[in-house]
Amino acid sequence: MLAAQSTPDKEFEQLIVAFCCNWCSYAGADLAGTARRSYPANIKIIRVPCSCRVNPTFILRAFLRGADGVIIAGCHPGDCHYTSGNYFARRRMTLLMSMLSFLGVDKARLRVEWVSAAEGNKFAEVMTSFAETIKALGENVKLRDLRCKK
Amino acid sequence: MWQEGTAVDLKTTITAKSLKNIFFPQIENLLAFERQGQKLSLEQKQLPAEKTIAFGVRACDIASFNLLDKVFLKQPVDHFYQARRENCTLIGLACSEPEETCFCRTFGIEPASPTADAAAWLVGDDLFWQPKTTKGEELTAAIKDLFTEAEGGDKIVAEQQAQVQALLDKMPLAGFALSDEECSKQAEIFESEVWEELSKTCLGCGTCTYVCPTCHCYDIRDYEVNDKVERYRCWDSCMFSDFTNMAGGNPRTTRLARFRQRYMHKLVYFPANNEGAYACVGCGRRLQKCPVSLNIVKVAKALGVTKNV
Amino acid sequence: MQKIGVFVCWCGSNIAATVDVARVAESVKSIPGVAFAADYRYMCSEGGQELMQKAIKDYGLSRVVVCSCSPRMHEATFRKAAQAAGLNPYLVEIANIREHCSWVHKDKEVATAKAIALAKAAIAKVKLNTPLVSGESAVVKRALVIGGGIAGLQTALDIAEAGYKVDIVEKTPSIGGKMSQLDKTFPTLDCSACILTPKMVEAATHENITIYTYSEIEKVSGYVGQFEAVIRKKARSVSVDRCSGCGICSEKCPSKKAKSEFDQGLRNRSAIYIPFAQAIPNVPVIDRENCLKFQTGKCGICAKVCPAGAIEYEQEDELVTQKYGAIVLATGFEPIDMAKFGEFNYEYCPDVITSLEFERLTNAAGPTQGHLVRLSDGKKPKSIVFVSCVGSRDTTERGKTYCSKICCMYNAKHAMLVKEKYPDIDVQVFYIDVRTPGKSFDEFYRRAVEEYGVQYTKGMVGKITEEGDHLLVHASDVASGAQLSVPADMVVLATAIKPAADARKLATMLTASIDTNDFFTEAHPKLRPVESPTAGIFLSGVCQGPKDIPETVAQAGAAAVKVLGLLSKDKLLTNPCVATCNEQTCSGCLACEKVCPYGAISAEYKLVNVKGLKERRLIAQVNEALCQGCGACTVACPSGAMDLKGFSNKQIMAEVDAIC
Amino acid sequence: MHLTEKEEAAEILRISGVKADNCMQCGKCSAACPAGAKMDILPHRFVWELMNGRVNNLAASNTLWQCLSCFTCSARCPRGVDPAKLIEAVRLSVIRKQGENRLNVDELPAEIDEMMPQQALVSALRKYNK
Amino acid sequence: MQKIEQLIKEKARDLLAAGQVTSVIAWQKGEMFYDNAPGYFDNTEELDALVYNAFCAANLSKYLIANTKKDEKTAVFLKPCDTYSLNQLIKDRRVQREQVLVIGIPCAGMVDINKVKAQGLKGIIGITEDGDNLTVETAYGTKQVARAEVLLNKCLACKGSAYAVSDETIGEPMAVKHAPYDRFAVVKELESLSPQERFAFWQEELSKCIRCNACRDICPACSCEQCLFDNPESPLAGKANNNSAEEQLFHIIRAYHVAGRCTDCGECSRVCPQGIRLDLLNRKFIKDINEFYGDYQAGADADTNAPLLSFDVDDVEPGAATKGRE
């Protein structure tokens, strides 16, 4: 049975995947850009039409491939461009987070945030605070496919 | 793998999972290759070289290794299997309390006298030991101070063997025997309409193939890992829907076809290619583990290839 | 093998300053499938697009990745450019290395590494792009305008003039909105009713315009070109056809204790009332809360006295369903509530009033027939103080952070009107900054000071207290540094303005974006100020942000032109990134149909050929016209049969793999 | 170490934690200040001076001692600036420079003069018992 | 249970003889007495192989999927807990209700042969039921065993004798006598552990998985035409777990797919050849759904919307939900 051991070769370089919904949080990220708000560079944003497009298998795949943290940003409940998208996303992510925690994976590695198109500052703050949480948690060794880590 | 300090359980007659994975593990990386520009570098995984001892192997599992040898050691030889097989000394342990699902005698296997590198009998607290092959001799020599000459050992062992035979005769599957002549009528069995009825309730899950000690099918896949590609081998089951996915399509699309193939391989095709040796050792794991209790005994009876003994 | 062209944009220095664009182009060259990679100073410019088109032709590129600014900015531009070069526009992917990289990371090394990672993700995704063709959906040649103020009227008139049908839905019993409450309007001081009433009549009589007053929007569904709105026509309890507007019923009505909303509560009105003289339609409405007939079942005098027999107590709310191609939001504004501003003593001193109440006082049709008198004792005031920025420019949670823009002008207007009619009244205005920008506005304000002797004092009013029969205004004169306690007979507060109360409810209904101050967010503050990001929804008037009447009318016209741009098309290109169901793996459980917000999924029995086996199965079908591409169904589908074109499971997985 | 006036002003702003730059000089704090009449430098000008790096005239002003710390100005300020805290900060910096205290505690007369307004007693205690 | 078997045989004979149904689904005798298997009975002669005793745990509702595709009428004998699965299949449109004749049969709790063996009994030849005890006849002598001690885990969490859906019923409802049992007890216990201990528990438990897919293929809620893991197109297809991450991945996704549709019938952990406690994963989801979105029993009826296919405007926020339970 392969024990998952972490190999802290070089200074731990965290890798965070952010799924941002095109209408709100992606626009919030753009606004954070235009306002020149900075946040850690190891956060990489994937654009999805709505937070309800994020399939838990994408998140598990990201963890499997070595992501240390995954954050899903969507519109504030009620403001979704597709009326009910983020409500479904909210339920799906609540159950997924609870199950990951049940399996012993640190719950804080997966986070859901509601950021509107007008909240550039909040986007930058959320990303910075998430990066700090992940740095504190250290490298993700529990859900990582040992063959895939670079 | 046994580590220091873990208790040894010799009581259970048959293990849940078969022992084939000590020679033919469920997943195994065969080789890896990498492309630098136009050059392709090949990295052969070195063959497992560590010496191992398998203690407490039942007669049926030992017989299954002989069947697996017929597959993996025939040309072209599977080096990985061969390396593991040669580096391992098998010590058979005779059955003292057979299960009701055991029918190893149907295939001419003596539960009480295992034919491994060395045989052992556990009677009460003392263990009787008898080396059989050169490897067995070497091992016995290496640990000879553990042994004391057992006088009258044969008598006690023979007594246990008789006892086992008597117990087995009481079992429900005692009278189950296959007629070689019936099993060789390949076309007739293939056309039999019994398959329809039998295969209807099969789930097509693959438990029987993975717990069976003699099943040896595997799938090879290339796994893209960053800029390297690893070729790895893993068990596969003929019961899975995509088992025979080929370039041209999938010849066995219905569950009936897959179900029939599984049993015909055990009862008909394998004996035809291997001098009449059935691809089954009667360990009974399938009888216990199949979710819908389908097994070779029921199929054989339905096909009418049994003979009464 | 794909032939991918990668174009890395400098964006002048916006990207090139913190991202080594040459190294990005260089490092992607080694990725299998990339046939061409180059960096260019301005990819969105003429030259940039030509570079791309030339490369597509010369290298026979099958896919294009542009590493530049946000796709929300120039995705359309690059797609058109690719299309012009003969490549399907949906084979272009954008890597956002400006807003998400160069602008937010200072260290060049780090930013370049991230840009390369984002480029790799885009390349991984573009390999799996499939050529898509936009579908078409018909456009209903009818527009809906929500709100009957000057903004709604102007937009409706401009649309109707172009020959399209327009419906106006107004919440209050009459169109006219806040402008109908004003006395004079700046900068020309012409009477508000004189310039508004003709527009109201024009709208009422225009054959292309239908007006629903005393009505609200119940529900809106559908999407651009195919909206469907349900309008709730609240029961007026008066028959619009038979009523002649004689007003006898209002006179005779015994219940007079309701406060008139039109007069900002400065006088009462009867339960059956016409809000103001020039109201259109000139038909009264029964306010059921205050009507004795509805509350106690007795009375019924109005029915008896009505010469035309137009009173219909049993009238019920009526739901009208109507299809529209475009919807314009013109919901206007309201003054903020003074409850949190105790220091001005608004609730206890009747002589401390808001500017809108002042408008009613000076209006000839107002409660005092235009005579400027104190509300406490009815006497003529000898001195009036105007206070600017009450609740505006306030970063605490009491007020609004923004400047309400119109108060400085109407303060000067009020000051001049008082001085012109009653030269002996002392008028003082306390201000922080007088903001009267634009054509002839500053001259207007200076005229109040130089010709009419209005006293402007720079300094915010701190507190208002009562002293005997007059008020004491405590302020400071920031210029001289002195503390003032100015006696005043009347104080007018220029309160901040906020969007109408039900703006947020409408935003949810229309899925239009709305900001934290409840103003509707425009698609782009500079380039698309009159459109909502939600296609087919347009913004007219103060609902989009504080503005005065000239700007409102200008923006109303602009919104109308945008609507005409939409309605003039017979067919609209629909978004091709819609869901699609793989018949081979669909097990017909229709979990997708339950999560689809647009009801775009139905089910049909079809003969499906799965690996040679023909079977009759229930298969989910996507109506490509209704589907908006949110993707909820793709996750609800356990077998992965439902996928989304443009954002397919494999594409997103490829991006995740490329990033991790 | 001897700070220039500009540095001292910046230091006071830092200690008080007040974001003086938010001030738009609307004068509402001075308008509502109950002790404003007797102050030579009204609160809004107090903030203005500090914003522009001048503190000496503030240290010499009587505002420091007239201010009753009733915090009306801070409550009313529409920009969330806290003038009372700035006045307090300057007052503290003055008190800490020994010898410049206005009144020594033991100089207070034994029995308190009944004409002394209650408010003055309270603010005096606030000022001295720091 | 003997007389119930007789009633079932008569019922099946009448139905087949009258041609009301083309086939009947029930249990048929196996080689030993405890390995009864689900069986299709198309004519009355086959009926003597029909059996109903303490070893008929298999949930027959999933077999209806195949039959209702061939628009024939099928009769099926369902225990109370199986009827929930049928409701779920009807809700997922995998079974056409009008082509199924559901006959509810009482159940006094099914016996787990491994628990019998765990009591030290080997070489079992026969078991007879009398009242609350079982006499077990083995090659080494006979022994008395109390039924309550050898019940299947899933019967300990029996949902009562009511049928969620049935056209007709046979016999009187029987109660399952077992010690009081909280089906979430183990889940709660696991939740109280530290993340490290939980991870170790699951890594140990899931490492036994040999990916034989029995859990997926027996599960009535897992009824896709082609499963995600078999579909070469899907990026998650895979035949074996290469490391602990992939083991967890397979089980999280399998449990997630049936979340809100799992009726807690317990078949997955019954058939797992490696004895992995898979029902704990499903019960964790059920416990969460009950806690966050109100008690929900999948299959209680055939129309209420599954929790993951509906929403409420003021649902709990994802982060908050797991606060406090580190």
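As written, the chain order gives the labels A, B, C, D and E, with residue 1 at the start of each chain.
Here is the rule we use: a contact is a pair of C-beta atoms (placed from the backbone, for glycine too) under 8 Å apart; a residue touches a chain by one contact, two chains touch by 3 or more.
Because the structure is predicted, anything quoted here is derived from the model rather than measured.
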Contact-linked chain groups that survive once subunit C is dropped from view: A, B, E | D
Chain at the geometric heart of the assembly (C-alpha centres): A
Taking each chain's C-alpha mean as its centre, the one farthest from subunit B: D
C-D or C-E - the one linked by more C-beta pairs in contact: C-D
Gap in Å, rounded to a whole number, between the CA centres of subunit E and subunit B: 30
Where subunit A and subunit D are represented by their mean Cα positions, the distance between them in whole Å: 49
Centroid spacing, where centroids are CA-atom means, of subunit B and subunit C in whole angstrom: 73
Inter-chain centre distance, subunit D versus subunit E - centres from mean C-alpha coordinates, in Å: 78
Contacts with two or more other chains, residues of subunit C listed in rising order: 595, 610, 636, 649, 653
Touching two or more other chains - residues of subunit B: 223
Subunit D: positions in contact with at least two other chains: none
Residue numbers on subunit E that touch subunit A, as the complex places them: 187, 190-191, 195-203, 207, 228, 235-236, 242-246, 248-249, 252-253, 255-256, 259, 281, 284-285, 288-289, 292-293, 307-308, 311-313, 315-319, 321-322, 325-326
Contact set on subunit A toward subunit C in their complex: 15, 17, 22-24, 26-27, 29-30, 32-34, 36-39, 41-42, 44-50, 52-58, 61-62, 65-67, 78-85, 88, 92, 116-118, 124, 148
List of subunit C residues in touch with subunit B within their complex: 610-613
Subunit B - residues contacting subunit C, complex: 249-250, 253-254
Interface residues, subunit E side, partner subunit B - complex: 30-32, 35-40, 58, 63, 66, 122-125, 138-140, 210-214, 216-218, 226, 230, 232, 239-242, 267, 270-271, 273-275
